[in-house]
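Please find the structures below.
Paired with subunit B in one complex and with subunit C in the other, subunit A is shared by the two complexes that follow.
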Partner chain A sequence: MAEHLPNDQYDVIISSTGLVQSLLAGALCRVEKKVLHLDMNDRYGGQQSTLNLEEFHQFISRGQHSTDQSNHEKKEGATSLTYQDAYKILHFDYKKKTTTQEDTSEQNTFRRSDLPNDMDEALVSQSRRFAIDLTSQLLFSNGEIVQLLISSAVGRYLEFKCIDAIMVYVPEQIKKGQKPPETLNYRFEKVPLTKGDIMKNTFVSLPEKSYLVKFITSCMDYESQPEFQKYQNEPFIEYLRAKNLSPLLCSFIIYAIAMLQDEKSVNARDGMSRVKLFISSLGRYGSTPFLYPLFGSAELNQAFCRVAAVYGATYVLRRGVENVVHDVNENVTGIECTQGQLLKCSSGFVLDRDYCASNVVVSECNSIVRQVLISDSALFDPNQITGKENSLGCAVVAYIPPGSFGNDQKYCVTVMQVDQTSSCAPKGKFLISLQIKRDQGDSDEQVLSLLKTISTRLFESKNIVFDDVVAYQAVYRQLIRSGNCGLPAFENLFVCDDADGSLDYGYLVSRAKNVFEKLTKGQDFEFLPKMPNPDGEDDQRVDETSRLLGLGLEEQSAKLDQEEVVESKDETNEQITEEQETKQD
Partner chain B sequence: MSSTSNQQVEYLYKILVVGDIGTGKTSIIKRYVHNIFSNSYKSTIGVDFALKVLTYDNNTIIRLQLWDIAGQERFGNMTRVYYKEAVGAFVVFDVTRPPTFDAVQKWKTDIEHKVFLPDERPIPCVLLANKSDMSPAVDIKNETMNNYCAENGFVGWFETSAKENKNIEEAARFLVDKILENYIEVKQEDPEALKIGNPVTLEKNGDSRNAGAGCCGGR
Partner chain C sequence: MNDINPSAKPVSFKLVLLGESAVGKSSLVLRFVRGQFFEYQESTIGAAFLTQTVPLGDAVIKFEIWDTAGQERYKSLAPMYYRGAAAAIVVYDITNYDSFLRAKQWVKELQRQGNTNIVIALAGNKSDLSDKRKVDFSEASAYAEDNGILFLETSAKTAQNVNEIFVAIARKLPKDRPITDKNEIDNIIIPKVGDTRAEKPGKGCC
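The block that comes next holds the complex of A and B.
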């Protein structure tokens, strides 16, 4: 595969297939830019990669890798790049195979050498059925990325699972007049989001219910309210308290709705704009505002890369970048890739943070620490979550507010559970991830032990022994690098910052649009216009095909609008599911 | 999924068409779908897939989505979006250029790694020895090719010519037969594997156009 590219002239060269880069590649190709898209890995996705178990284990069990700058020769008109691994593996462990499995393993044709020999056979044989995200992210149903997927028609490549429930870890509620117990019992409670949910909820008290309904209905035009104007620069929590919301409701709003890491760092203005985005995404596709791509996050990246490829981009995986080549005017004119070939770009070069190590001191970076578990047992029981017997599975996102597990827990822990209904795990297995922000000064060991304690205790509270059900676990740290990248400030060099650790894609989409505008300055191009009908290459022929396809594009979007008008589709959705289930029976 | 009107059943199948650059993938698709052929070669830009509607028998209509590989083909780096939910594949080589035949194995392995049926079996692949209107530089004698197919897991092979419209309908029909066999087997074995839960598509009305009429495995 070490072959040279037949063509060495491009408009834009992009390195890494992270989401910002994939969006850019798709958008640039749609306006007929000539794009070369490289990735040093042999997979698509960059930081949003989704791996099967075998690939994930390779990722987890490899050493750190980096390039040593001293090996580079200094060249005139070129700046050499230093690779920095954004990940550090803190821990991994897996279920070993039993002795009875030993005998059969050699006959198993699916056995592949890249998983350890002593790994449980059930895991090994199902390796391909796992889709493990390196970064947890979700799509707001009404967020920019979904609007983009619809307006560009790229969404037709994808299917989604609507998150079934949002949970918050809260202490039991003390009724008025009751003496508080010495230690509070915590448990996960579902955040009620629709009016029906709020009324049915038995955990939230009656007065709280009316406050919550009032809060949700008022937040579409919160800006005009006098209370907000008074508090907009005050801490978000003060504003919520001023609205008479109980500590329980404040927890729901701060962690589950505004999705903040702690209650101090955000003012009311920012807090409410996050609440508004959340509320405006409610009821579009299901009972929570979130969609998750079937087969994992990297599907999104790949959908945009496919668009780019269909419109002429050249894709080369397993190829990194060694040097950035520039002229005397400090304009990037090309790159030298890891195969030594010089490739020229006339408009610009888009580079991933991974290549800008020279100026980054790891201990001064914020990061995310993430624990990934493969479990035989769910933390959130699908039957309970979906309210159906014999439920096939569910997708849940849950929050553990800071301090729930002692003072060491400075930030909110985000928990995600997915399974076969998101096409991310084989039947009967659950993929659970816990993640928490780690400050620059914190020790890895401390965060590691905190996450281990939390996950163990969560299973314990369900009377399940962690080691009995968890077949695979890994904990790793992921850097969030931003700011000065240490490279000279070439005007046509665009460095993509790391994902900022938030669940939604807003930041990444705005970043891609921003770079797109700069790269196409003065040309007034639309960012990802609608893709034509796949079979529309032959417009004159009104053949059997188009007759059977039936619907023109305009008709389609009209239908889509109608869908959006339907406000609460919970009931219809359930009916559809039931019908389908009976059919399957 | 399938819909019934007047007892008629409709299936929608996604088929991959892979092979080295310039082996005639696009020509085969154009010949099969639109019955046209052009000698001038241009690489495929802006086309995702082509659709062919096949009246299989009196009760069965089959809509085939033929997915051409796009500009990235030379390096064999297709996205999962390309592979997912495919239920069959054509691997094409050019009989006049032996290196394109050497690459067949690489394409076949790639398919095996990236897509499979719900029961983990590979999807049926048919090998097409294209440009057979010209004098072959690859040994495509019956015995050699039959052995090759058996060894490399192809369900069959055809000597085709997009230019002379030779064997293309036949090859497609053959592949559809194999797909239908699988579909029926899978349905009997594991009805649950067909569609789990109730996935959301952003363009809901597009459901009927989505590929993977149930008979699909991921990854």
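The block that comes next holds the complex of A and C.
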């Protein structure tokens, strides 16, 4: 039986530790709001959860959540909620243990994990070293979330890896005068993004290089260009063609830079604003604009939840919500959580789409289908990607434009590969995910078979047999729900939409800020102000370094502001000296 | 403790505190870092982590001490908390036997979840209240020995064994390189305030 929670007249009660909720919890606690943060799961992360193999397998093999309505009594002044599972498992399979492994019965007896008995021992023993994201997400180096991590100092809890390469699946190039072959060969090509990469690239032709450079440099003030004025409401692809960009460059720009699902649905205005967002994050930390948290996406959620906890939030996992209680003026006054305890809140209640009013059936909506693979062999060879011999690994994002695998492939497939260098897999294992949008009404079987075909063929093209290297695979569908799910439109009830399958966090951050403003209406609070360092570590650093370098405090603090980004936490002294040296150079 | 040899570069280690609520985790840290003790210390608010350096021969050990921030109360501690921890102090209250049982669970959890080389110390806190003692010294000591972990009875109130337990941990840590459960990673990025890399947008290209 779960413990009773203190009923402290919370200001805000938040359900689920998805990113919007975690940001909100942190931001509200920083302005001294009293927050109770619940999650029905026994983990942090909500839809951005990161699971180890054992947890992931539990998630995959559990089947559908049964929605238990039997306990719901119709209560006056309350709207009862029903859990709606966002996930449907379409397929899973794993490498079985070999007969020699079966003989080690001792291992079996002492096996404490919930993984199946016939699973390959190598997987079982390394289960905890996997960090499998339920949804793929990346941070734009100059995006809102990184700015926020820096300005709030929440970044001190986290470490990141810069994505090493962005690839697009493209057909081989036919040289002028050459007869095109009957079937085109496709392969992944790296999208060159820095000047050096563009010059070194051997796949992109010389004229294309100059067009690409021109395009990237001009896109910061694209709005003032006459061509854009003319094409802004036309399809994005028409605009790119008008700029004389080759089909190869158009593929790079549409799928890898603007990160669109197909080439039709977006006009030049929206397309270019996405391009600008991407380009403005270039050159900050590495050769691509993306950062990925070591140990997986859910680290971000945990970091913001930690801020909330440090500033007084109460955290309770494994606790769901059953009823939303409201007054006659249709204001939410509290919630009843599982185990029946009624908890009051004065300012508002934040819920996610996993719940809806009991009497509502969620209609069919768009979704994404995702295949997760654990492989002994990389799709993107780390040595090739990093240009180093004996590279430890790499992190890659790749795109397969629509139609590359026949007409059944309506949308772009996003592929991600991470490994030990992002602390997401043990040495020698690669975590690969493929993800595609699925329209309402499409058949699950069709999308499932498409993804299986694609992943099998990708390995085949490297002369690798899929079944030889893939030790674990799972395919699942995740709903993208929005709308109010049948809940009354209470002014102080906020329902967060599902993660929409896009890679970056922009939407989630703006949603959190929006709800924060409504919950603190008229109080003009900053969203996540800088956390003071409780032990005055910063001051101490200034002090120590200034003593060492014989500098005045003022000069020193000015220098400290110029700290380099890539650093291990304690190299301040060294760096400052280095910086001075560079200046002298 | 603040007499730091300026030529020695401190080696940083993450240290986490575990234990039931109200056993004195924060008090131990405050005593160690600031030399303070408050009889009626509120539940922890506003302490993200504290740091303290320990000179040890030629080396200087710098502890980054993480507090649970109350997330242990409903068994809701985030896994991020253990990550990369080189050392852990598992605290119980010698006047509360249940807190000792809970401490044993934390030790088990650390051995399962934490780094393989994590240095664990068991602290029987509130040793100034020995007249109300419910946990025998010998029982805790035998448990610690069986599990190969450090053990001291401490009092945040009188400062007894507080510095000692941190120094004992510092002695057991490898001095040359920080322990981490990360595999070798060449460039880790920690976004910082005022970083100079945020140069003009688009610069990476041309």
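Basically, the second predicted complex is superposed on the first by the 512 of 585 C-alpha atoms of A that agree within 3 Å, B and C clash if a C-alpha of one lies under 4 Å from a C-alpha of the other, contacts with A are read in each partner's own complex, and residues count from 1 in each chain.
Criterion: a contact is a pair of C-beta atoms (placed from the backbone, for glycine too) under 8 Å apart; a residue touches a chain by one contact, two chains touch by 3 or more.
What you see is a predicted model; the values in this text were computed from it and never measured.
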| item | value |
| --- | --- |
| Which of subunit B and subunit C A:Ser287 touches, first, second, both or neither | second |
| Which of subunit B and subunit C A:Ser151 touches, first, second, both or neither | second |
| Touched partner set for A:Phe140, first subunit B, second subunit C, both or neither | neither |
| Which of subunit B and subunit C A:Thr314 touches, first, second, both or neither | both |
| First (subunit B), second (subunit C), both or neither touched by A:Phe349 | neither |
| Subunit B/subunit C common contact set on subunit A | 44, 128, 146, 149-150, 153, 155-162, 285-286, 291, 294-295, 299, 302-303, 305-306, 309-312, 314-317, 392, 420-421, 423, 427, 531, 534-535, 537, 544, 548, 560, 563, 573 |
| Sites on subunit C touched by subunit A in the complex | 4, 6, 9-12, 33-34, 44-52, 62, 64, 67, 69-71, 73-76, 78-81, 83, 113, 181-199, 201-206 |
| Parts of subunit A lying in touch with subunit C, wherever the complex brings them together | 3, 5, 43-44, 128, 142, 146, 149-151, 153, 155-162, 193-195, 198, 213, 216-217, 219-220, 279-287, 291, 294-295, 299, 302-303, 305-307, 309-312, 314-319, 392, 420-423, 427, 530-531, 533-535, 537, 544, 547-548, 560-570, 573-574 |
| Subunit B-facing residues of subunit A, complex | 1, 6, 44, 52, 110, 128-129, 131, 146, 149-150, 153, 155-162, 285-286, 291, 294-295, 298-299, 302-303, 305-306, 309-317, 392-393, 420-421, 423, 427, 531-532, 534-535, 537-538, 541, 543-545, 548-549, 551, 556, 559-560, 563, 573, 576-577, 580, 584 |
| Touching residues (chain side subunit B, partner subunit A) in the complex | 33-34, 43, 45-53, 63, 65, 70-72, 74-75, 77-82, 84, 116, 120, 191-192, 194-206, 209-210, 218-219 |
